[in-house]
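Two complexes, one shared chain (chain A), two partners (chain B, chain C).
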Partner chain A sequence: MNVQPILDLFGAELVAVNLGLESFAANLASEGARAVHVDWRPPAGGDGKAIAALDAIAAGTTVDVEKANAEAVRRILAAEPTVVGIGVAKDVVPGMARDLILHAGPPVTWERMCGPLRGAVIGGLIYEGLAKDAAEAEAMAASGKVRFEPCHHHDSVGPMAGVMTASMPVWIVENKAFGNRAYCTLNEGLGKVLRYGAYSAEVIDRLRWMRDELAPILSEALALHGPVDMRSLIAQVLQMGDEGHNRNRAGTSIVIRELAPHIVTLDYPKEKLAKALAFLNSNDHFFLNLTMPSAKCSVDAAAGIEGSTIITTMARNGTEFGIKLSGLPGRWFTGPAGVIDGLYLPGYGPADASRDIGDSVITETSGIGGFAMAAAPAIVKFVGGSPKDAVDVTMRMYEITDAESESYRIPVLDFRGTPTGIDVRKVVETGILPAINTGIAHKDPGVGMVGAGLVKPPENAFRDALVAFAEKYAI
Partner chain B sequence: MKRISVKKGSYYDSVFLMLATRGLKGLPGVSDAIVAMATPMNLDMLGDMGFAAADLEGLGPNDLVAAVDARDEATAAAAIAEAFDSLTRKKTEAAGSGASKVGSFRAALALEPAANVAVVSVPGAFAAREARKALEAGLHAMVFSDNVSLEDEIALKRLATSKGLLLMGPDCGTAILNGKPLCFANVVRRGPIGVVAASGTGLQETTCLIDRYGSGVSQAIGTGGRDMKNAAVGGMTSLLAIEALAADPATKVILVVSKPPAAEVAAKVVAALRASGKPSVAHFLGAEPGADEARLAYASDLEEAALLATLFAEGAADATSAKGRLREDSGNDRYNRPSKIAIETLAAAEARRLAPEQRYLRGLYTGGTLADEALFIAHAMLGGVRSNNQTDPAWTMADPLRSEGHVVIDLGDDFFTAGKPHPMIDPAARAERLAAEGRDPGTAVVLVDVVLGYGSHADPAGACVGAIRAARAAAAARGGYLPVIASVTGTPGDPQGYGAQVAALEAEGVVVMPSNYRAALVAVEIARLASKGAAL
Partner chain C sequence: MNVQPILDLFGAELVAVNLGLESFAANLASEGARAVHVDWRPPAGGDGKAIAALDAIAAGTTVDVEKANAEAVRRILAAEPTVVGIGVAKDVVPGMARDLILHAGPPVTWERMCGPLRGAVIGGLIYEGLAKDAAEAEAMAASGKVRFEPCHHHDSVGPMAGVMTASMPVWIVENKAFGNRAYCTLNEGLGKVLRYGAYSAEVIDRLRWMRDELAPILSEALALHGPVDMRSLIAQVLQMGDEGHNRNRAGTSIVIRELAPHIVTLDYPKEKLAKALAFLNSNDHFFLNLTMPSAKCSVDAAAGIEGSTIITTMARNGTEFGIKLSGLPGRWFTGPAGVIDGLYLPGYGPADASRDIGDSVITETSGIGGFAMAAAPAIVKFVGGSPKDAVDVTMRMYEITDAESESYRIPVLDFRGTPTGIDVRKVVETGILPAINTGIAHKDPGVGMVGAGLVKPPENAFRDALVAFAEKYAI
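== the complex of A and B ==
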């Protein structure tokens, strides 16, 4: 028998990995041995079917998973998201039509839509002139005369309710490395806004102003500025205290800095240009609607790789949370949308909260947002209070990802790249769920944002995806 | 009542403000509160909530507003003060403290690429999976967990053997690697004796005695109880461990302790010891010692096993000369063996004060192997002892909670530990049983083990002296006397300290013997004297 490895052990310093009773690690440490304690949890929460899937995939697959994942991750890291313009949804978004309403998250019927999403649908129909009031809009939505599809099925993403209708202006972001594009509406600001389900006259008026005045101004300014390299901007904002999802103050400031010199040269009345700039300035989250399509076109390039367990989509519609795997294109795996553990704006509390909603979790899917929490000390209160909590959140995400970003780096971690490429095997195995930062919508349509916090995605979506993957690929 | 207070020109991030708001809302007597910057949106909301417009005039987004609806003026004022205070209060908590625990095995390896052993104590259903991961990553593994299937054990040991890695366990409670105690183990001097043990407290008792005899341990490798006993497992870990100790230059003597192995496994183990070229000692609990060979001595108890190993370590040339140096108790010889006369004298002194109805031995053990050792001695000498560890159905306890006749109880048995901590960790169950035996007029002598070391209770002697006192007082009240005989498995280096534990027991009148073997001999002799003529 070969006993050399045992003799090597006898000759070395004892360094232990401890799984289970924590005191065993502490005892070793007090006797001067090195020990790392693993905060062990049953794999897949003890779910036998998921454990069997993990074991089956580990035992052998028809396609080399490691190779497939390496390719998926390579593509995500190589993405070059670039803002190339602003268009009208029906002209640029694939498959967009007047009777089609896009929404956030996985597919959902009108009957199962949550309050904020219904409100946004009502607003969208009024905005498009398809309904004259809420009653008419609701009747129309229930009649089947309009179709509902996820933004994700049309290369798009939408924050919160994520409603996109045919005549809305949209950002066009192109992944220059792979040629694919993604689309997203322009951010409306805070308070009573469509994405939180508001559809009062002021909401519709603002949307129309954005379409008729803001979008043309931004579009012309953008044309003068030239394409905006989003990878560079996101890299910068992570070093300015944004994490790319819940804090967008640095990003919005940078966009204003980029565009303002061109906006002021445009041939519009000063008041209109000033109004446009004031609008950007009043809305910290303006940048989010640029980050989201950037993330979307980055991960889309990694979709559809045979044998890859990398998660290429996470999204919520307020009723369900859904994910997609690179190696199982076209399939959603869903679970109930979570309740957000968060802090509330003055005047609101947990009883007012809608369930988790929005496509903005595409940022986490691409490796920023909650995954880059350590970069955003200003909002650490959302994750426990201290900067160390924020660092811990990011550090945990390294345990469920396959790579580290070469572009997006975190100063406090000595400029370590953000954890990128979520491997569903690791999520299920460790029970560490993706850390997702999110805003909280009021549960009733039309009220708006009531807070922000951290949300836990439903574990079963990840387990179901893994089981389906094993069914397709395990030998 | 509604009160508003403003701090002009002091900006705070909304997250801090939300926290302050939440803090205020939790104060007694405060029905509503808002701490916010005076943005137009927030001003509108304050207006909607009924705060006076006059108070809000001229405020802008850089002004901090604390608005409180409270039951009275004082509450409102205190709440507003708290609001401003909470925003300016210095954070006393340091940013980050202590080492971050990791969430996965993979992360642990990333943090400690030099990791060479995994200690697995997760629930049995998952232990094999974790152990397999460790082996596949090239780590040796100690599996403390029990309830691992035989199939998993065999598969893991095949994998380990093919990689030349140690797979200790499953159900391996103790090991000492490179001088470091793993799980339930004692702080034992390093030295030339390598131990391979399929029994937890057997390993602890022998390593502690080796330490007391002035020698030391190079490595003590636990194998798990099935390793040698089960022919299908075939001693895979034991054989690998023996071969490794044979090749280890720091190991001069090899000691093997196990319950009787399966016949073919015993043959392989003995062959491996012969092949090691090193003097060896084997002790198979409950089995007749085999015939000594030149370099292989069979011990008849744990104490003798430790003694023989020490003698070999100190240069005894062969089994005959090692055994020749064992002496009966002579007072100050380190290598003494208990003399019959000394044991009888001690027992007689204790037994003299027994009441006539006191007849039975009650052995209450926390360590399984120690219980077995006492059981084998008592069963042979008392003509039958009931135990939950008895394999003969005639002598298994119908109800382990009730003592009948002579008993030796292993309180660490699954029967007692289902849903409860092991008595070595929490000796409360043993203390209760001890008190109960004290209430039984038939109890003639109580025999206990006190196991020290890492993993064990912080003060196992202290945890039973109260019950000992009560039991002895109960016997005295009945006009009798209750002898309590103990041994302490431990070393001066253990966290509990051998000396302090012995002293605590002796202060209660407990007779503390230097080994479990001797404690059993004394207790059994007391019971023999007490039960003369009594029906079992």
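== the complex of A and C ==
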């Protein structure tokens, strides 16, 4: 036996090629040896059931998945979200009723609700006059006398706690290409606000002012202005440093400049008009509650396509994160809501934080928000990280999406369209999870916002959805 | 003699290193040979007088140039431009008079004025009621009965033709750190407007409406709002895709949202307030006439520092481009105005274009505008090029400036400060000319805007300034 080649091997400089755990390569390097680390993960993180589902789908399905996804993506890209008016929830939101409280995310019972969602429910009951204080509201919530359902079950979306009650004013956004509508409350600003779980008198008074003055003023101004083409507006704000989820300064500015010439003509006392305009100017997140229903009605048009693996809903209620697939309509796949990695307001830290909450991830589902972070480098001052991180986030999202937007373009990527149409197969296979940026609510009811950051959704929700898809469609 | 090394040379593969004309390397490459091109230019483009001036200044000066420049740059960076009000030119602009017409750029006689400047002068005389039509205005302009002086000689700046007449309303911007002020007319919008040389009834009517309604409304709203911190505003808009010269959509939006709550309270008929707000909303360049006097009062504080090679003025009148150095106050150094490389409105082309015109290059002089193009990638849709070009432009400007802004930061460059304080020595030595983006006026009086693009200033203006500096300061 000629052992020379083997001896030669040990005579030459050794370079280790390391797959998997990076720490093995780091250990070698720390000992002075050379090691090349290959960033590799097994498909689906090595999860046997998920790999089997991927294989089964690849082997053959009862419906052509590629064709189904192409149709889903076509519908998302063709959406024409348009603000057509402001109404009162009980008048316009399908199925809305006085004893019904809508909330963000997948279904959840009062017992399992997180602090900020409980806080928002308490505030909602006080606001509606159904309870006179927190104690009475909690008792009522626990009694079964009020019903809780997801906004998503009523063509609606709500940021953070996402609580919508019967008398709240809501934006009405219509997808002109498909005729479906979506609804969302008006944004209250940051800090001590209902959607972050605060319910003090200041919060309730603001909500009532929004119902009694702000909404009528905006509604009348909007009627004079005419419908607002949100596709055009979102396209513009992506050129102005917004991404439509946690940075909305440009969008809010444009809404103000478009409506102000009409607001000034309305038959209200000047100080009421001034208060409305000052409120808008003070609230850079005002536009969020327009991008959200725009995103909602855009992806809703792609729901229910037989054989499609495109994700049409992502949402969190602070306890669970859930998704829905186009090809499995009506079914939620959930996992525990994530812990947010972010920047905190002075005086607060991670120990104060509630878990990931809100329907605002509908923006990412439609291809903006975290998916368009490269367009909004300044957002890192709000959610943490560097501008390069923001670009990296967007670039990664191209790995798990089937298309690029023809309308929403990112200047710094040479006007490349935003990554659109999340394919659950790609998420599971690559282990790349949708990038979500979000606000952080205090974990206790009644406090409010404490920060903002980035969060990872639970991988099992995506794997479970894929497995269910394979069960239904694999031959 | 051992010729082997030389023979070895010809035996090995040859790689040519090419300095100077790039075409030599390209020729070799086209023949299949390898050539490495080194991008090299002789200092000052090989200009003997300029090289001698650079050498003389480097050898020794009567005043410490580095110290003088550090002071000039300190003052530019410390500027606190603040909008304090709106006045009428003849009441607030130093030396303004009824028979005086201010214009953009260095001094120029009627005979040498370009078409759009003549057009704006004609319009200005009609607007002031000094002439009843174009023929009468032209005769008056040629008669010597009206005087022409640069805006810059009256603490003022004007975009494009830059014509300011006695009864025009002007923004008053005060540099709170140094107490000096700068003035600028209100922006009229794009298209058929005075500053692009148009003077039809529509143009004059708009100017009179601006004087009689818009300016009083804005002035009263501004008084209610309080002074506007332009340093903060410019810092913000650089995070929102503006660069403060040819992209001002974010800045205009913020001015509207700040003033609208006050405008709505004013004691004017509603339709007049609505018309004012609709005009602002229709004119994304409105903010330009605020960034310009902000830049002007910022760099003016750095003028007149003995021994400083920092450029404190750049300006063009459509015939000539001129600069001033801090250390040579009161002296213009000029060259022929450049031809603009840009995008044209439908129906127009390069043959229709006037040469480079306007005081708006004061924005670049202060470190924004073209110098901050990396912050405004979407501007390439207006002036041409790609987002990468926009970044490259900004990166080159660091080569000819002495400092980086502490307030004005570029997200995509990891919040690096904008290149600030142009050092004429660096411009001449490197041959890197200040990057300027600009609108394009039609070459004939009375037409208006035809496009926008990028323009190179004439190199000789910088070389002449450097030679004059050496004559005064070199030992």
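Rule of thumb we're sticking to: the second predicted complex is superposed on the first by the 431 of 475 C-alpha atoms of A that agree within 3 Å, B and C clash if a C-alpha of one lies under 4 Å from a C-alpha of the other, contacts with A are read in each partner's own complex, and residues count from 1 in each chain.
We adopt the following convention: contacts are C-beta pairs under 8 Å (C-beta built on N, C-alpha and C of every residue); 3 or more make two chains touch, one makes a residue touch a chain.
Bear in mind that the values here come from a model prediction, so they are computed numbers and not experimental data.
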* Partner chain in contact with A:S23 - chain B first, chain C second, else both or neither -> first
* For A:D39, select first, second, both or neither according to whether it touches chain B, chain C, the two together, or no partner. => first
* So, does A:G384 touch the first partner chain B, the second partner chain C, both, or neither? -> neither
* Once the structures are superposed on A, label A:G304 by its partner contacts, choosing first (chain B), second (chain C), both or neither. => neither
* First (chain B), second (chain C), both or neither: which does A:G87 touch? -> neither
* Asked: Can A:E399 be said to touch chain B (first), chain C (second), both, or neither?
  -> first
* Structure fact -> Across chain A, the partner (chain B or chain C) reaching more residues is B
* If you stack the two complexes on chain A, which partner ends up touching A:V15: first (chain B), second (chain C), both, or neither? -> first
* Asked: Which parts of chain A are in contact with chain B and also with chain C?
  -> 378, 386-388
* Can you list the chain C residues touching chain A in their complex? -> 239-242, 249-250, 252-254, 256-258, 260-265, 270-271, 273-275, 277-278, 280-281, 377-378, 386-388, 411-415
* Structure fact -> As the complex stands, chain B meets chain A at residues 13-19, 21-22, 34-36, 41-42, 45, 49, 91, 93, 95-97, 100-112, 114-123, 125-126, 129-130, 134, 138-140, 144-145, 161, 163-166, 177-183, 187, 218-219, 239-241, 243-244, 247-248, 250, 454-455, 495
* To do: Show which residues of chain A lie in contact with chain B when the two form their complex.
  => 1-10, 12-21, 23-25, 27-28, 30-43, 46, 51, 55, 190-191, 343-347, 378-379, 381-382, 386-388, 391-392, 395-396, 398-399, 426, 429-430, 432, 451
